[in-house]
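A, B, C, D and E label the chains in the order they appear, each numbered from 1.
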Amino acid sequence: MAAASPLHRSLLGAPVIGGAAVVGFLIAWWVSAKSFDPMRIPQPGDVWDAAVQLATTGYAGGTLAQHTLQSIMLAFMGFAVAAGTALPIGLAMGMSRSAEAVFGPIVAFIRPIPPLAWIPLAIIWFGLGDGAKIFVIWFTAFVPTLINTFTGVRTVDPTIIAAARVHGAGPRRMLLDVILPGAAPLIFSGLRVSLQASWMALVAAELIGAFFGLGRVLMTAAQDIFPGMIVVAMAAVAVCGATMTWLLGVVERRCLPWLKVTP
Amino acid sequence: MSGIAFTDVTRAFERKGGAFQALEPVTLHVPDGEFVAIVGPSGCGKTTLLRLAAGLDHPTTGSVMVGGRAVTGPGPDRAVVFQQFALLPWKTVRQNIGFGLKCRGMSDAEARPLVERYLATMRLEGHGDSYPHQLSGGMQQRVAIARSFILEPEVLLMDEPFGALDAQTRIEMQEELIRLTAGQRRTVLFITHSVEEATYLADRVVVMAGRPGSVREIVDVASLRKAERWAERPVEEVMELDSFIRIRTRLWRLLRSAGAHRDDAATHTLPIAS
Amino acid sequence: MSGIAFTDVTRAFERKGGAFQALEPVTLHVPDGEFVAIVGPSGCGKTTLLRLAAGLDHPTTGSVMVGGRAVTGPGPDRAVVFQQFALLPWKTVRQNIGFGLKCRGMSDAEARPLVERYLATMRLEGHGDSYPHQLSGGMQQRVAIARSFILEPEVLLMDEPFGALDAQTRIEMQEELIRLTAGQRRTVLFITHSVEEATYLADRVVVMAGRPGSVREIVDVASLRKAERWAERPVEEVMELDSFIRIRTRLWRLLRSAGAHRDDAATHTLPIAS
Amino acid sequence: MLAKSDLRPVRRRRGPAVGPGARLTLLSAASIAFALGLWFALAASGLLPKMLLPSPWDVAQALVKNIGVPFAGATLQQHLLASLGRFSAGFALAVAVGVPVGLMMGWFAPFRHAFAPFFETFRFIAPLAWVPFAALWFGTGIGGPILIVFSGAFAACVINTYRGARMTDERLIEACRTLGAGNWRLIVDVLLPSALPSIMAGIRVAAALGWQSLIGAELIVASSGVGYLIVQGQGSVETPIVMAGMATIGFVGLLIDLGLRQIDARIGRGWRAGA
Amino acid sequence: APAAAEEVKISYQPALYWSLPFYIATEKGWWKEMGLEPSFSTFPAGPQQIAAAPSKSWDIGGTGSPPAVLGAVRFNLVTIALADDQSDTAWVAARAKDADAILKDPSILKGKEILLTTNSTGHYTAVACLKKMGLGPNDVRVVNLGPAQTIAAYSSGNGALAAAWPPFSYTLQEKADTKTLCTGRDGGAAVTAAVVVRADFAQEHPETVAKVLAVYLRSIAWQKKHRAETMAYMKKFYPEGGTTLSDHFIEMDYDKRPIYTLEEQLKLFDRSKGPSTMDQWHTDLADYLRSTGTLQKTPEAKDYITDKFLKMIADDPKLRAFAMDQG
């Protein structure tokens, strides 16, 4: 995936332009927050104060560190369970039309149902602990990996499959040495989306009686109508999500050393 | 015992709006130890024929036998070399070459010396730990050949194996192939678009015609090759021989008439990459 | 005035671990109206050279002039035909042929008669509303050529235009090209891996050597072609001429020595599709 | 060399007399039946009170009943219509903004560099988190629900368009540049159609995510909508109606996806090889 | 000639007892009689409702007391009347089988979980009740859940206690088979709802505000006089908001949630002998909100509670008669 064209490679690097854009955004915010209705746009100063409060004295039952740690744990668990279940099912669906026929309709039907709608059922089935929260995250994060794994398997170069067959690959070898690595780039694309979905579902998950968590901070701030704190919680979620995605990228490069470029 | 026998083989593919007849009854016999090249217009069913022999596809009617046994699926007695190399991109050169051995359950320790030997035979020393994309096309094709040869198959099935290579590399690979098949005489089915290549390499050249695919003519080269000792001479020299040029021109003429009106027919079909 | 002049052109690509010199100073002059073919081992910089003339790339040092003006970017005075046809799959044959005219701001009504004329010239009547995937390779390449010719470029840059075609179609396209360039004499830079093709088509054949790319020798064919009236004879006949075979063999020898030790160098580079 | 008896045709495939298509349909039906059966059994087992896990039959009854009798002020089809309106607006906006943004990111590097930091962070924020701001900025206006659905659907549109645009065959771009195509024409005539399969895949994901955000969108102002129905139903522990709402969302979501698939298949019908 | 009807935007939450007066007024055609043309918006919860105020999406609304106080601090909402008193119907409940043991010895609750919605009247009630039962704020573990989730969780066996406000408290009792341990009133907490107006709107259109309030009060006066008819309206109104209550709870709503006529309101808002009852109730609530960290400091009652509009009605004989349903 080379740059679209030499003409459109920019003279300045990504960090410079990206940095400038972020600074520009902050200035635009600062100016507009001053000039528009101050009740409706969180003031930079309020956000700063909220950040300080959260980091030091705490809010919604804990400090930034406690909330963040808890959310990272939860998002990761949800993501891990989602990936751990979606991968084998996706592989099965990709390799067998029967498995596709079995799982396909159920997944297609359940997939549009929002995480919020599952909360009561999650509580009834799993109680108020982490189980219910992980279940809610799982529901959202499961699908992207599943679909990408399925598509990845189906798009493995048939010539390569044929080559492996003529060299005597049995089902096990085919899975481990051909299908899995062949589908791996797409699987990782799916994992990225699942990771995003995990963080997005976190807010809903932490509605289930969470004692700590950024989602709880968000919802408490929403209850309290504390826009500054909402922004702080949003920013914390965004930073955590982006960081985990970056880590996933590192893992991806480690796992796929044969790729010329990782997308 | 490794001859290939196609007997009244047809293959029809399901298409929107009915079946598409890719091969009309084809009967072709490649005796044990012979090198047969197939040339023919695009879409005439060359790849289909080869896939039938490989066991990657099944005939609609008729029978395909290799070494006296009916073909039911791929087997290590038949190695296939594809035009696009079809190396596993996620495996190093060494792992690719050893893949078939591993599939047979051989341990790494057992496979190692064999792999090293083929690395050397194929002049790939020093590249054992590279990934395929780090190699030139010629080197990739050498890896693909090594991967097949290491299994010591009785039958070699090659589908335009040198089509993706540049002219010089191609010639080198042709010489290489002559050398390798001369060492251990093997039954070879070799598909090519190059009439020169077919003439230079094969004992017999099968000219196919298309829509539906059929054998148009079989041209014998073996007698000349033996008589003029082509195998012992550099390829440029062989290609300048009058006898060589005559066969080549004859094949060309056959092909051009076989391929006539191809474009019009092609409108209604999808060219599928071999 | 449409000659191409490369003067002391070099091109270095950035790579991990320093610059990679793809071309060492190359000086080459293609006079107005001449047909020059370039052959050379894979990776020797043929495509790089062509891209410089097309304005798709810029030299690291030296100058590239076309028609007396320095090249700064792509322009409609220079048409490029690629090996992979590079047709827009989502446009019909008609739309593909008319694409360049549309880019110039010509209305559909104005473009229509021109497009129809080229459909006829290229023997594509009846396929105007087909999509590329419905055509055979040869027809696709004819569309690509029509798309370029319709802009009446002074310079034609062709990068292995027939490399993806099968042998028979390739020969037909070669004859077609002879016919077209004979009609309106144009400056042509033609890259090929086929020594026969270069010999058959070109006035002069440039043999390049690799790593870094350089011009090894230039072989004149024009005088022979004229003397023996190749253009008026069928290609099979020409290719059997002693004179033809002699030039071809000479080019081959040059090439094989130019390509020596290529593989070792290739380890450290990624072959990039032209 | 060949024994006559060996000349029997190769068996193509072992399997039942039913065609593969029919067999797969059968499997799908069996799987759905199994899931429903499991649900029936669980509901009938009495492990959970009926109030918390009604049987599929109760849910179906609640669903049918709500078609005639309003719940939370409207019949099911009225709720559905209201939800579809909100969804369409937010989803259409996400596509209308996301696809051009993705194309611009694919084509103009400076745009990509400038936009990426926001994009790579904002996409982790749940639609639900925007509810307070949606209320603050748009009040009771349609803008609020649109913002929520948009925040759910936008990222998928951008990412897939961007990836699709970046995957565009460079040779096509160069060929068109040599034919005189400018930026605009390249984006419209080359990048966009080339990215179309990826864009459509993204749009399908976006539709699913946007549709999922409905509950959030209907938390701001309430008087109608399937999301509202679910929340109100949850509030009074009318589990059958809640599940009827979930089933409706699931089913309509499925229909939306099928519709988009149809569009996808139609768009490239002419030119996509094998279409 | 009659002037064109005045437009006014009114907000409330569906299916609540204190929303009923808006509904009855519409049914009775009293808005028109007052020359008003209201448009209504309903919000599923208080935070969204008051957050929609600064965009001028609504002018006057009914809302729970916590959002009323929060809205005063955040968005300059002014409290102009009391909507209802739900102190008897917001409660802390336990499973019927456990209730007696708990009442006998509340200390067995130590370390147990109570399910409730934080920063709500339910929480406010719970804090007061726990104190009354002799339990400190850290003796039980508060699990924060939305009202619907509280019911689902409690009825599937989670938590030792649950707290909620009506109608969720009713649902809790009905569907989870609970017994009330302590109401807001038992704990000494005034759990109320209020009528609020945007300060800028009140400034610009005092007459309109007075008229809307007069209509609201007329409904109240009428409701107090017509028990059976009011309950009939409740049975029509509640399901439109997705709530279906049994007759028992309909009666409870009517009988146990005091509402106040103009005269009674004036007494509640009377500051002639120091802070009014209303001031006291809201200040207590604000103190609670400060204790949870929602508010940084307790707002001055007189800054956001006013009897100005009640007095405007009282001082205008025509309005007064209308508001007392004597027209």
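FYI, a contact is a pair of C-beta atoms (placed from the backbone, for glycine too) under 8 Å apart; a residue touches a chain by one contact, two chains touch by 3 or more.
Not measured: the values here are computed from a predicted model.
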item	value
Intersection of the contact lists for subunit A and subunit E	D
Maximum centroid distance from subunit B, chain identifier (CA atoms)	E
Maximum inter-chain contact count - chain pair	A-D
For subunit A paired with subunit C, centre-to-centre distance based on mean C-alpha positions, whole Å	48
Euclidean distance of C-alpha centroids - subunit B vs subunit E, Å	85
Rounded Å distance between subunit D and subunit E, as computed from the means of their C-alpha atoms	40
Sites on subunit A at which at least two other chains make contact	39-40, 119-120, 124, 222, 225, 260
Junction residues of subunit E - those touching two or more other chains	47, 51, 54-55, 148-149, 152, 156
In subunit B, residues with contacts to at least two other chains	133, 270
Contact footprint of subunit A on subunit B as seen in their complex	51, 54-56, 73-76, 78-80, 82, 84, 86-91, 99-100, 102-104, 131-133, 144, 147-148, 151
Touching residues (chain side subunit C, partner subunit B) in the complex	39, 41-43, 127, 130, 133-139, 166-169, 171, 193-195, 236, 239-240, 245, 249, 252-253, 255-256, 258-259, 262-263, 266-267, 270-271
Complex interface listing, subunit A residues touching subunit B	157, 159-160, 162-170, 173, 177-178, 181-182, 184, 256-258, 260
Contact footprint of subunit C on subunit D as seen in their complex	169, 171-172, 174-182, 185, 189-190, 193-194, 196, 268, 270-274
Partner subunit D, residues of subunit E touching it in the complex	11, 14-15, 41-45, 47-48, 51-58, 147-149, 151-152, 155-156, 167-168, 171, 175, 239-244
